[in-house]
């Protein structure tokens, strides 16, 4: 494990150097919030943020992604044959991703990559990505990563972890992929013991600051149909607008829709994020909709995250505790409260 | 009002035209048709809101 | 990088429409017979009755449809398509010889191992008869017939014109190794020689015993709702009532999340479920 | 650019302007040929969606006439 | 403002106890500062969750659509105008409603507050009359509420409810001398290219989550045009043309109906000021038809009626 110290200026410079061998995505301030953008000279990366408004999931699993293309031209001998779109899987690095968002990739992995089916796009994007995490010195009051198997300096899934030591960054390689990334970084010097100690102290300190303690321990012992029939769903779902904010900002939501788009004789099959909050999500061709009421859709979201996923993969809840849905839900439906309701039901 | 909104967004005035012509007013039809064609022609090809191949990853 | 190139589970096999048959008098149901453009794809498309596939029309989209042909029928696959939405409307206007795609086989199948050595009761209604046809054709093949005991089929439609596969039904009716009970909800045809009555009622009349029997039920929700108590009264335990679910689907391989009910995906863990299993799942279907 | 001719999607009411266009034709009046006419039962049938759809498909202009 | 809470609770309790209403719709205090959750209460003992402060910025009228029961609801100026629109459009009947009017002094723009504290995390907000104090880790600042109003509230000229059964306080003074369309005029002065650039940039970040549509009380169609598949008007990806089409149509469907309540901007997860679309329509409605939505339950909306004196020169 390599630990290196960079001053903040050195680190930005090193990243610029790395742009030759990687597509480097860095958090950039865009209006009121931060978002991941490709590294370039015009906008400097800004590592002083709570978290990006949108999770980094779109860099591995784009909101809209072309799957296939085809020609509808009658004169084309290959007309109507659906063909794969060539993709660019050159290495990319997400620098400054928070450990919770990285943890999100671990949560969704069994969905995209399991023994029955393997999603080629997600897997190839994921495998070509170096996750360079930035530890959270100052977790938000809405964060509850520690309750769901993560933590502000959680290292699993990350390839590199950055510690913000004030004037300097201590950057430590965690995996082979991460070490390879670091070895290409120019500048910096080996970290001394004092720095390592300081970094560890930061991590311990931050772990203490994650206050929200969301109970999820008893969820696995509940019976699906009991929770499903619980009396609180109408109340929980009343305020919901059925917008897709929670699911689109979430690092662990994976649902998508497949659409064909045609322009002239050129057709594309595109997959777009979808949301279980939309009534259309489950509308049958016959007009029947098994989840036509909004409380049912709200219930589906929480049941899926906090119960179905738990039962299906036996690996905890489908939530990385990033707190985005808590902070940005326009009507303040709070997953922490719902988790408590479900856990104690 | 749609015309107002579209113009507000940047569709040039003159691209969208409305008129009211009775079925007996063939000459009025021709007049208006000439006006419409001239006004659109003067603006040149449309630049905005044309659906192109989806800009997606 | 591991496992690259991956086989892309979303990529449909190109097929040519070989034959289109209009099944019903209202012309809303047509059976499409497809031939694979690449013969090796037919081998990859090895299926078992009860499974479905995604029919993929370039420019329109994909629809999940039960496979109506039986794996014992070689050289083609067949699907019966009801005209309801964007894709199906388009398909109904397609002609023989046109190219499209199919993707599959997807989902699970009827529990053939469990069904071996048992009496089979098939209850079907309307255009949900497709995978049941597949099953019947599969079972009455000489090489398979001995694996099953008595086969009884109750199949109903709203009127005689809406029955699927009428020629085959008549043929099966003549056989002595399968008990056919064809019924319609009502008819003004004085020459109608089969039953008149709703499927649950005919089931109650014609099926006498649940001994060593397994029931496969596939039909509109209202039929299922009323058939279920009939079967339970006959003595079928929930484990031996097999149902096939419908759900809005996109990917068909348990990834896109749409057809999730409880901890199951209808597309991957279904569409075939026993009533016993369904009772443990939320009733969102 | 001078030989460029615009494409104008035109929605004409069956009872009014379409009749006028017809009459113009019968009377052999000359008018520009840039119009792609869609006859509608009433210009009230024209939803704003249609107008946007025309622009999205690359129309250079849209003319609705009742 | 805060004192309204107690009155709302008392009123709700009384209404529910007397059986005058089956349910009461209001806000409850959020679990996160500057966020409040709409709530429906049917048990008179539970009215203590009701809450009102200057951060209740949604539109409760949204929750009325097609309800069958008798409803008590709180409404400030813009919300009450939407109730009027709902009644006009037969989404709810006046007889079903018991409206508790709130004289409103504007809603605080939570984004502006965050900007003012350098996007640090706010842990607490306290209101004191026309001032409020926000505090978080290592900071505490007091601001003038008037300077932090949402942009729609800052130019609002209908702060008092136009329709109500009782008021929680006496009406406030309406603002005078504000020009609600200052920004619209600025855009109007641009040339087409600049305008297009401005709006394209504005919606660039749109996620197509439809929070703006769903938070809007005007958007109650069972199937929105973006969801229609036969024909499919709009692509569903985040293609810029599709996104623009969605925004144009969404806005246009609000023509002559929008009350500028600001719910759409409030809920947008990426902070798109989409009122720039609807405000133009509001301005045109006012200029051409002297119409402001939801002021009069007896007047038909302008796009509903034919008048020989239409502003369009083609109507002759």
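Lettered A, B, C, D and E in written order, each chain numbered from 1.
FYI, a residue touches a chain if its C-beta (ideal position, glycine included) is under 8 Å from a C-beta of that chain, and two chains touch if they have at least 3 such contacts.
Every value quoted in this text rests on a predicted model; they were computed, and no experiment measured them.
Minimum number of contact steps separating chain A from chain D: 2.
Graph distance from chain A to chain B, where chains that touch are one step apart, equals 1. Distances between chain centres, each the mean of the C-alpha atoms, put C farthest from chain B.
Note on interfaces A-C and B-E: more C-beta pairs are in contact across A-C. Set against the Cα centre of chain A, the chain with the most distant centre is D.
For the pair chain C and chain E, the distance between C-alpha centroids works out to 50 Å. Chain B and chain C have Cα centroids separated by 52 Å. The distance from the centre of chain D to the centre of chain E, with each centre set as the mean of the Cα atoms, comes to 39 Å. Residue positions 64, 257, 259, 261, 270 of chain A are each in touch with at least two other chains.
Residue positions of chain C touching 2 or more other chains: 85.
Across the assembly, chain E contributes 235, 237-239, 241, 245, 248, 252 as residues in contact with two or more other chains.
Of all possible chain pairings, those that touch are A-B, A-C, A-E, B-D, B-E, C-E, D-E. Across the complex, chain C is touched by residues 67-68, 70, 72, 79-82, 84, 111-112, 114, 116-120, 123-124, 127-128, 224-225, 228, 254-260, 262, 267, 269, 271, 274, 276, 281-286, 288, 290-291, 296, 300, 303-304, 307-309, 311-312 of chain A. Residues 229-230, 232 of chain E are the ones touching chain C in the complex. Note for the complex: chain E touches chain A at residues 30-32, 35-40, 58, 62-63, 111, 114-115, 119, 121, 123, 137, 205, 207-211, 213-215, 223, 227, 235-239, 266-267, 269-271. Those residues of chain B lying in contact with chain A across their complex are 51-54, 56-57. Of all residues in chain E, those touching chain D in their complex are 225, 233, 241, 245, 248-249, 252.
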